[in-house]
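As written, the chain order gives the labels A, B, C, D and E, with residue 1 at the start of each chain.
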Amino acid sequence: MSVAFLLGAFLVVLGGICDLFGAIGLLKFPNFYVRLHAATVGTIGGAVVPLFGVSMLALGAGFPHRYAVAGASFITGVIVLLVAPAGATALAYAAHRSGVVEWKPKVDHLREARK
Amino acid sequence: MKRLAGLIIVLLIVLTVSCYVSRMVPPQKNLHPLGEFYLQNSYFGRYSAKSPEAVTSIVWDYRGVDTLFETAVFFLAIIGSLTLFRLNKGQAEEAKRGEPKLELPGPVATVTKVTVAMILAVSASIALHGQLTPGGGFQGGSALAVAPLLIIAVYTKYALEKNGLDKTRAIIIRSIGLLGIALTALVPLLLGGYIMQNQPIFPAKALGVPLGGSLVFYNFFEYLAVGAGFTAVFLLLSIPEEKFRKFLGVRR
Amino acid sequence: MILLLWSFTLISLLATLVISVYGIVAKPNLVKKLIALTIFGDTANVLMVLLGYRLIYPVVPPILPSLSKTALGEFVKTAVDPLPQALVLTAVVIGMAVNVLIAFAIVQVHRLYGTVDARKVGEMLAAFGRGEK
Amino acid sequence: MIAVHLAILSITALIGLVFSYLAITERDLLKAVAYSAVQAIAYAIIFYLLMAPDIVLAYVAIAVGIYSALLIFVIGKTGRYEVV
Amino acid sequence: MQFGILTVVEIAFPLYLAAFVIYALRAVRGPTVPDMILAVDCMSFDIAAFMAILALYFRSTYLIGGAVTLALWAYLLDLYVANHLARGEVGA
């Protein structure tokens, strides 16, 4: 019952809850641009946090080569931290550029700036 | 709605049939004797491949000739694709003419640069650790092929060609890989063994690191061949359609 | 219960096989045929790996965990069969290369005939054979 | 204990079945690519649970990455909608 | 019963599987293509985390590699679909 184990368990369970909430938000929100917000909760909260938690748990566990598991899951967490926002940015750019998403904005600064 | 009805019918059929079948499906708890042989002999034993990874030792040692011919099929498929999009010299020059430009917003480009570096590192570690951990030539090569694809998506293919990785170079790298595989397979014949024989022709250990005999050479060359083959194909596929219409004389 | 879940997995994979064969045969679009063909190949690969699985609890991948002879007995008792995995591994990459070839052929068909509909291409070929251009 | 991962196995097999059905019956080919990507992820978990880490490494790179890119290239060059 | 790693992992299993199924539901319903790709994206990161947790459950080092690659490759699908939607033809 070390500190690493407790912290890891907390992070993994918190990540699971974040993931579930992100998924529910992705299902419930009205249009694509609002859903991007839920996707942030689902990826950063639901993947990065539990991956760091897994690396903590692996440090406290007792099976062979546990440092490899810890290091690999930490690297995966960093990769997701980099890649998920960039992918969402690209998708939002494409959706705005092609105009496939139906929405009724009060003000659309991007379109005004392009004119 | 018609699609949904079809889906529900399919699911009901699956459920009923699986309830019916579950009484007679055998619970497979034992290994096949052949699988047990491979597990016991992959590192220890008389017919050893000196690699703890049973899958890689089957792929490149016990059933090596099979994989050699699969590589030949891969070679032929890539060659067939290149032949379908055949260009003469002037057309190839014309296809290369163009300026690299940024196609997606700035942050995406920065992240892509970091990601490409990470992919190169990850794929090399997958391929070159193939004899100890999961991985090997096929996996590393298909991972390597993703890096040029990312660059094509963000900076267009001209950026790749400006930095010296054009179709001809990719084909040369791939030929080097295939030649290396052939040489590694043929060397035991010269030293008095059989074709593709691993032990004891090749060293099992070097500087304390278990190399698994010829497995590490095969993995490295297959890594080059698969990665460069896919890169050549996608460089050809990303030529804009208008240029190709002009080459073929199709007007539409 | 265990056998029910196991047979459910098997039967749903077989159903996927049947659906993808329907897609290959019945859909006119060549790109859709390519998608269905890939699903067919992947499902066949999964069924192949399923043959080497063992229904026991501590089950490990077929890689020796440590380079000592004492661990070997336990390893052989719990590891899955490596042979189907080795066969599937090459099949995945080769299948991708063949897909690339088919995709190139589809793009070329579109350049020459202006369509990727198998029926229209067939009609055009028949008209070409009769001497009409 | 074994029931847990057999349950995950059957759920992912079910998702693979549903999404391959949707991918084959969909008219919009770009949506079909997205459906087949979901099917590829489901099959990746199946390979993972069947203790085949080698195949997971190759399959994920090919079926989620390279194959989707290939299909999008082809769709961009031919046409997005299937005419029936 | 001792409160160990297995307990944590078994608490996390249903959460992740439920999230996976709900993401799949959004991928089915998604009215536009960006919605579906966003759902696929979230799903693949979810599965990458799930794979890491499963590696703890099976107590095997060799299974962790799948998580790294799955997290890397989902990005490619995003970029290609975005490029296709914004421009029509990729890489030209």
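Throughout what follows, a contact is a pair of C-beta atoms (placed from the backbone, for glycine too) under 8 Å apart; a residue touches a chain by one contact, two chains touch by 3 or more.
On a predicted model such as this, the values are computed, not experimentally measured, just so you know.
Q: Quick one: most central chain, C-alpha centroids?
A: Looking at where each chain's C-alpha mean falls, the closest to the middle is D.
Q: With respect to inter-chain C-beta contacts, which pair, D-E or B-D, contains the greater number?
A: The greater number of contacts lies at D-E.
Q: Taking each chain's centre as the mean position of its Cα atoms, how many Å separate chain A from chain E?
A: Roughly 10 Å, centre to centre.
Q: I'd like the Å distance between the centres of chain A and chain D, where a centre is the mean of that chain's Cα atoms.
A: 21
Q: Distance from the CA centroid of chain C to that of chain D, rounded to the nearest Å?
A: Comparing mean C-alpha positions, chain D is 11 Å from chain C.
Q: Taking each chain's centre as the mean position of its Cα atoms, how many Å separate chain B from chain E?
A: Each chain's C-alpha centroid was found; their separation is 23 Å.
Q: On chain E, where are the residues touching two or more other chains?
A: Within chain E, the residues that touch at least two other chains are 33, 37, 58, 61-63, 65, 68-69, 72-76, 79-84, 86, 89-91.
Q: Among the residues of chain C, which ones contact at least 2 other chains?
A: 2, 6, 8, 12, 15, 19, 52-53, 55-56, 59-63, 65, 79, 85, 89, 92-93, 96, 100, 103, 107, in rising order.
Q: Hunt down the residues of chain D that sit against at least two other chains at once, touch-wise.
A: 14, 17-18, 21-22, 33, 51-54, 56-58, 61-62, 65-66, 69-70, 73, 75, 77
Q: Taking the complex as given, what residues does chain A use to touch chain E?
A: My answer: residues 1, 5, 8-9, 12-13, 15-17, 19-20, 22-24, 26-27, 32, 35-36, 39, 42-43, 46-47, 50-51, 54, 57-58, 60-61, 63-66, 68-69, 72-73, 75-76, 79-80, 83-84, 86-88, 90-95, 97-98, 100-101.
Q: Could you list, by residue number, the parts of chain D that touch chain B in their complex?
A: 14, 17-18, 21-22, 25, 52-54, 56-58, 61-62, 65-66, 69-70, 73, 77
Q: With touch defined as at the start, can you tell me which chain B residues reach chain E in the complex?
A: 103-104, 108, 112, 115, 118-119, 122, 126, 133-135, 143, 146, 149-150, 152-154, 156-157, 238-241
Q: Quick one: which bits of chain C touch chain E in the complex? Just the residue numbers, please.
A: 59-61, 63, 65
Q: Spell out the residues on chain E that touch chain D in their complex, using ranges where they run on.
A: Of all residues in chain E, those touching chain D are 10, 13, 17, 20-21, 24, 27-28, 33, 36-37, 40, 43-44, 47, 50-51, 54, 58, 62-63, 65-66, 69-70, 73-74, 76-77, 80-81, 84, 88-91.
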